[in-house]
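We just call them A, B, C and D in the order they show up, numbering each chain from 1.
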Amino acid sequence: MLLALLLAVAFAAVRMRDLFSVVMLFSIYSLLTAALFMDLDAVDVAFTEAAVGAGVSTILMLASLRLVGRSEQARRRNPLLALSVVAVTGAALIYGLSDAPLLGDPNAPAQQHVAPYYIQNAMADTGVPNLVTAVLASYRGFDTFGETLVVFTAGLAVMLLLGSGRARDNQQYGSEDDRNIQRLVVRALIPWILVFALYVQFHGDFGAGGGFQAGVIFASAFVLFDLVHGHRVTAQVIPAHWLPRLGALGALIYGGVGLCSLFVGQPFLDYAALAQDPIAGQHLGILLVELGVGLTVFSVITAIYYAFSTREQLR
Amino acid sequence: MSQPDLLALALLLPFAGALLIALLGRQPRLRDALVLIVPLALLATVVQLLPAVLGGAQPSLTLLQVMPGLTLSFSIEPLGMLFAAVAALLWPAASLYSIGYLKANREKHQTRFHACFAISIGGAVGVAFAANLLTLFISYEVLTLATYPLVAHKADTKALRGARIYLGVLLSTSIGLLLPAILWTWAAAGTLDFRPGGILAGTLDNGLLGILLFLYAYGIGKAALMPLHRWLPAAMVAPTPVSALLHAVAVVKAGVFSLLKVLVYVFGIDLLRELPASTWLFALAAASILIASTIALRQDNLKRRLAYSTVSQLSYVLLGAMILAPLSLLGAALHIAAHAFGKITLFFAAGAIYTAAHKTEVSQLGGIGYRMPWTMTAFSIGALSMIGLPPLAGFLSKWYLLGGAWQSEHYAAMLVITISTLLNAAYFVPIIHAAWFKPADAHSDHGEAPPSIVAALLFTALLTLLLCFSYEIPLQLAQAIPGGSP
Amino acid sequence: MTLSDQLPILAVVVPLLASPLCVLIGNRHAAWLIALLAAVGAFAASAGLLLAQLQGAGPVSYALGDWAPPIGIEFRVDHLSALVLLIVSAMAVWVLAYARRSVEAEVAQDKQTGLYAALLLVHAGLAGIVLTGDAFNAFVFLEISSLASYALISMGRDRRALTAAFQYLVMGTLGATFILIGIGFLYMMTGTLNMADLAERLPALSDTRTIQAGFAFISVGIALKLAMFPLHLWLPNAYTYAPSVVSAFLAATATKVAVYLMLRFVFSVFGHDFAIAHMHLDYLLLPLAAIAVLLLSLVAIFQYDLKRMLAYSSVAQVGYMLMGLAIATPLGVTASIVHLFNHALMKGALFLALGAVMWRVGSTHIGQLSGIGQRMPWTMGAFLLGGLSLIGVPLTAGFISKWYLVSAAIAQGWWWLILVIVISSLLAVIYIWRVVETAWFTPSPNGTAGRAEAPLSLLLPTWTLALANLYFGIDTSLSVGMAEAAVGGLFGGAP
Amino acid sequence: MELPGLFNYWVVVVLMMAGFYVVIEQGNLVKKLIGLGLFQASVFIFYISIGKVADGAPPILGDAAELYSNPLPHVLILTAIVVGVATTAVGLSLIVRIHEQYGSVEEDDIHRADVQADEDEA
C-alpha cells in the first residue's frame, strides 16, 4: 500500500515540470517514507526522516525556489542514453537481490553476526534501553562524530557560498492583523515546541529521539519565530554570525568528550573512562555528545535557513 | 688522488663548472675564464687516469642504489677511456672556439649556452664511464636534454622547429625503443652490468635476440643509423660550436660509442657471430654509409654536406663492429677518435667562414683560400683525413677497418669502404679545389676569422695530423677491448 | 595506552577538531596558523605510524570507543595506509605553508577562515578514509572530504568554478550512493561492516549474486570518485577553476585516496581471487585505463589553460595507477602504489608552481606566459623539474614509476601495453615542451621584461616538492620499499 | 520463487531508479538535486528493509517483546539521512550562486555559456 503510494508520488515527481509542486511531492514522498520506516520498526529513523526530509529539505528547497524561479524548461534531448544507464543499473540491482535473503527473515545473516550482540549486551554495556541510541552514540559513536562534522561541514560550505546572512527584514506575508494572529499563535506554540525539543534531547536514551532530532525541532521553532517576526527581531535573540560559531562549538564538545578518554590512556570516545562506574560513564558520555550534536544541528540548520532567506532575489 | 676519486672528479667537474658558469652570468669576463679553465681541468684529470687504464686497471665507483639490484655506478674500461679522452681533448678547443664565435656573432643568452654546453660534456663523460645500461641510459638522456637549449638557441621559429625534431627523434627513440630494450634485457639477463663477453648469451632464442639487437640499434638514435638520421641535419640550425659538439665531441659519438658498448659488452662479439640478425645490421650500416654519402654529394649548403658526411662516417663505426673481426673492431674504435678530430676541424672552419665572410653555400667559396689561408688549410687537412689519406687520422682507422675485412675475407665490407671513400673524395675535393684554384668573386673583402677561432681550428687540425703519428695510446686502448686483439 | 598507541586517532582528530576551532576563533591569520600547526601535528603522527611500519610493527588495530571490532569501529594501520596517510598529511603541510600569500591574492578576506577550515576538513576526511577499517565509516569520511571540497572548488574566481563544483557534487554524491548500496549488499550477506571481518566471510559467499552486485556497485562508485575514464568529466573544470592551493591539494591527494580505496576493496576486502580471477575486474579496467592514458594525454596537448592541461594529465596519470592495479600481479600493484606516491609529488610541485605564476601574472593561460622562464626562473625551474618527472625522465620519481609499470607489463609479455605507456610518455613530452618553448624560447611581451620572481614563501614549498621529485627518483628505498611491503600485505589477504 | 519476500526490494529498486533517472536526464539543476534526494531516500528504505525482522519490535528494550528488529541499519541510515540533507543544502546554495552568475539553472544554457567562454579564451 505505502509502496504503491510511493511509486505514484515518485513518478509524478519525475513527470512534473512545475518545480514548486515537485518539491511538495518530494516532501510528501519523505513523509510516506517515514511512515514506511515506522512500519519497519525504525522509529528513530522515521522521526528523523519526517523532520529532515519533509521539514528541513523542503524548507530549503522552497527558499531557493524563491530565488531561482519555479518553472523548468522543457528540453528535447533523447533520453535513450539515460534510460539505458538506468535500465542497466536497475538490472544489476535486481540481479543482486535475486538471491538475497527474504525481507524480515530472522535468520538472515544481517540479523546474525553483530546485531544480536547489541540486542543482548547493550543494556549491560551502556545502560541505554534504546538500542539505536546505544549503537549510534557509543558502539558506533565515531560514525556519529563524523556525522556531526558532516553537518558542520555543510554549514561551513553554505556560509562560504552564501555568506552568513545580514539581518535585514525579509518580506512578510499577509496583512498586518493576519500577522498579529500569526504572532499570537506562534507565541503560544514556541514554548511547547522548545519543551518538546528538550524532552526529545534528553529522553533519547529511553525512547525515540536524540540530539539530532532535538536540534531540528529547536531550529524549526526559530524558523517559525523568524517567519512571523522577521530577521531583525530574531537577530536580537541570536545574531546570525554567532550561529556558525555555535555549530563549531557543538562539534568541539563532541570531540572534546572523545579526547577526554585519551588523557586517561583509553581509546578515543571511550565513555567508560569518564567516570568510576563504566555505566555512569557511558550515560554521561552519551548525554554530552548528544548535547554537542543537538547544538551543532540546531545552529547549522538555523544558519543555513538565515543564509537562504536573507539572500536577495536576482532581478 | 686515488683512481676512483679521479673518476668522481672527472664526472663532477663539468656539472660543477656548469653551476659556477650559471652563477657567474653577471660577470662575463670571469665566466669566460671559467669556460676555459673547467675543460682544461677535466683534460688534466682524464690524462691522469690514462696510464692506470693502459696498465689494465678498471677504476670504478658506485654512487647509489636507485632500485633494488640497480645501481648508478661508473667504471672505466678501455673503450670508454678512449671516448672520454677524445671528448676531454676537444672540449677546450670547442670552448675557446665558442667564446670567440658567440662574441663575434653577438649571440644572446651566452651564460645559458656555456652552462648547457658543460652539462652536455658531463653527460658525455657519464656515457663514457657508465658501468651498466641504466647509468648509460641516464647519462644519455642528460645529454639529450642538455643539448636541446643549445640547438634551440636562436629561438626563432626555424630553430624551434629544428630543435623539436631533434628532441622528438632522440626522445622517442630512447623512450620508445631503448628503454624497453633495457627493461627486456633486465628481465631476461637479470643484470644490466657491462661484462666482457656480454650478458645475453643463452638467455633468449636468436629470433628475439635479433629483435633486441634492432631495438638497440635504432633505440640509440644518436648513432643516426638511417632512416633515423633526420635529427642531425635538422639540428644544423644551431650555432656552429653546437654543431661541432653534436658531430664531433659529444652527441653522435656518444651514440656510436653506446652502440659499440652494447654490441661488445651486452651481446658480446661471439654471440653476434651466431646471430643471423648481425648480417642485417651490417647491411643497414653499409646502406647508411652509401646513401648518406650520395645525399652529401648533392648538398650545396656546406654545413648540410658535412652533416650527411657525418651520418655516413658514423656508420663506419657500426660497420667496423659488425664485420666482427678483431682488426676492424680496432678500426671502429679508432674511427671514433679519427672522425671526431677531422669533423670538428671541418665544422670550425665552416663556422669561421660564416663568421668572417657570412657565406654558407659551397658554391660561394671560390678563392676563399687566399682570404682565409689558415682556416682553409685546416679545412683541407680535415677533408683529406675524412677521405682517409695518409698521413692523417682517417687513414689510420680506415686502414684497420680494411685490414679486418681482409682478414676475415669480408669482401662486401671492402667494397663498401672503397666506394664510400671515392664518394667522400667526390664531395670534399671540389670544395678544396674551389677554395684554392677558383677565382674569387669580386665583392668579397673579408679577412681571416677572429684569432680565438683560428687558434681552435688549427689545434684540432694538428690533432688530426698527430693522431696518425702517435697512435700508440689509442691503439693500445682499442686493443684492450675484449675481442679487439687478434 | 601510551602516546604512540594514540597516533592513529591523532592523525585524524587533530585536523578534524582544528577546523571548528578555526571557525570558532574566526580570525583568518589565526585560522591559517592553527591549520598549519594542525597539519604539522597530523604529519608528525603519520610519520610516527610510518616509522612503526618500517620497523615491522605489523598491522595495528585501534578500537574506537574501546569496542572491539566488529562490534565497534576500528582504525587499521598497515604499510599501505601508512604510506598513503603520509602523502596526504605531508601535502597538507606543504600546501598550507604555501597557502597564505596565494590565498590572500585569490580569495576574499572574509572567506579565508572558512577556506582553511574546509581544507582541514578535506585533509581529515581523506586521512579518515585511509585509516578506517570499517566500510561504512569510510563512507562517512568520504562525505566529509567531498562536501568540503565542493565548497573549496566553488571558491574560485571564475564563475565556472560554481558549475564545476555542482557537477562534482552530483557525480560525487552518485558515487557515494553507489558505494552505499554496495556496502548494503555486503552487509546483507555478511552482517558485518568491518573490512577485515568482511574479508574473512566473503570467500564463502563469492558465488552469490548479491556479493557480485555489491562488488560491482562499490567499484563503479569508487571509479566515479577517482575520475576514472569515462567518468572523469567533472574533474578538469574542478581543478582548473578552483583556487590554486585547492587545486594543488586535491590533485595531489583526493584521487590518490580514491585509488587507495579501490586497492583496499579489491585486494583487501574482496581479495585477488574474487575480484580478478572470478569477477575479471581487470578485463574492464585495463582497456579503460589504456584509453584514458592515451586519449587524455592527447587532450591535454590542446589545452590553453595550464591548470586544465595538468588536470587532464591527472586523469591520464590515474590511468597508469589503474593499469598497475589491473595487471594485478604483485609487480603491477607495486607499480601502481609507487606511481600513486610519485604522482602526488609531481602534481603537487606542478600546481604549486602554477599557483606562483597565478600570483604574479594573474593567469595560467599559455598565451600570457611567453618568456615567463626569464621573468620567473625559479618558479618555472620547479615547473620544469615536475614536468620532467611527469614525462618520466631518468633520475626523477616519474622514471621509477614507468620503470616498474613497464617491467610489470614485460613480465606479462603485454607488448601492446608497453606501446601504450611509451606513446603516452611521448605525448607528455609534447604538452610539457609546449610550456618550455613558451617560457624560455619566446620573448617576453614588451614592458614586462626584468625579473619578477614569486616571494620565498611560495617558492620554498614549491621547490621542496620539486626536489622531492629528484630525491625519490634517486633513493627509492622509501617509496618502493613501502610499496613492496604493502603489496605483501594486500596479497596476504586481510588489511 | 520467493516473490512476496523480495517484492518489497523490487519496488525499492524501481524507486531508486526513478531518482537516478531524474539525476542524469533532467537538465534543471534543482530537479537534479531533487532526483538525488529521491534516489538516496529509496536507498534508505532498502537499508531499513534489511534490518526488518518479521514480527519483531522496534529496537527499544522493554519487557514486552523478545524479538527485536536490527538496530544497526537504523543507525547507519540516521547518519546517511544527515549526509543527504547536508549535500542537499550545499547543492542548493551552489544553485543559488549559479543562478546569480548565469541567470539560469538550466544545464543547457549554462553549458552553452561555458563553451562560449572557453572559445573566447582559445
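In this section, a contact is a pair of C-beta atoms (placed from the backbone, for glycine too) under 8 Å apart; a residue touches a chain by one contact, two chains touch by 3 or more.
Please read these numbers as outputs of a predicted model, since none were measured by experiment.
S.K.: Chains in contact with subunit A and with subunit C: which ones?
M.R.: Per touch definition, common to subunit A and subunit C: D.
S.K.: Just give me the whole-number Å value for how far the CA centre of subunit B lies from that of subunit C.
M.R.: 44
S.K.: Can you give the whole-Å distance between the Cα centres of subunit B and subunit D?
M.R.: The answer is 69 Å.
S.K.: Determine the centre-to-centre distance between subunit A and subunit D, using the mean Cα coordinates as centres, and give it in whole Å.
M.R.: Computed from C-alpha means, the inter-chain centre distance equals 14 Å.
S.K.: Approximately how many whole Å separate the CA-defined centres of subunit A and subunit B?
M.R.: Between these chains, centre-to-centre, one finds 75 Å.
S.K.: At which residue positions does subunit D touch at least two other chains?
M.R.: 16, 20, 33, 50, 72-73, 76, 79, 83, 86-87, 90, 94-95, 97
S.K.: What are the residues of subunit A that contact at least two other chains?
M.R.: In subunit A, 93, 97-98, 100, 108, 110-111, 114-115, 118, 140, 143, 146-147, 150, 153-154, 157, 161 touch at least two other chains.
S.K.: Could you check subunit B for residues that touch two or more other chains and list them?
M.R.: Counting only residues that touch two or more other chains, subunit B contributes none.
S.K.: Quick one: which chain pairs are touching?
M.R.: A-C, A-D, B-C, C-D
S.K.: Going by the contact rule at the top, pick out the subunit B residues touching subunit C in the complex.
M.R.: 64-68, 72, 134, 137-138, 141-142, 145, 149, 152, 155, 159-160, 164, 167-168, 171-172, 175-176, 179-180, 183-184, 186-187
S.K.: Which positions of subunit C touch subunit B when the two form their complex?
M.R.: Within the complex, subunit C contacts subunit B at residues 388, 392-395, 400, 402-403, 406-407, 410-411, 418, 422-423, 425-426, 429, 433, 437, 440-443, 473-477, 480.
S.K.: Considering the complex alone, what residue numbers of subunit A touch subunit D?
M.R.: 3, 6-7, 10-11, 13-14, 19, 22-23, 26, 29-30, 33, 36-37, 40-45, 48-49, 52-53, 56-57, 60-61, 63-65, 67-69, 72-73, 75, 77, 79, 82-83, 85-87, 89-90, 93-94, 97-98, 100, 102-106, 108, 110-111, 114-115, 118-119, 122-123, 129-132, 134-136, 140, 143-144, 146-147, 150-151, 153-154, 157-158, 161-162, 206-208, 212, 297, 304, 307-308, 311, 314
S.K.: Which stretch or stretches of subunit C touch subunit A in the complex?
M.R.: Of all residues in subunit C, those touching subunit A are 1-2, 6, 9, 13, 16-17, 19-21, 23-24, 26, 62-67, 70-73, 110-111, 114-115, 117-118, 121, 124, 128, 136-137, 140-141, 143-144, 147-148, 150-151, 154-155, 181, 185, 187-193, 197, 208-210, 212-214, 216-217.
S.K.: Using the touch definition from the top, list the residues of subunit C that touch subunit D in their complex.
M.R.: Contacts found on subunit C: 136, 140, 143, 147, 150-151, 154, 159-160, 162-163, 165-166, 169-170, 173-174, 176-177, 180-181, 184, 187-188, 193, 304-305, 365.
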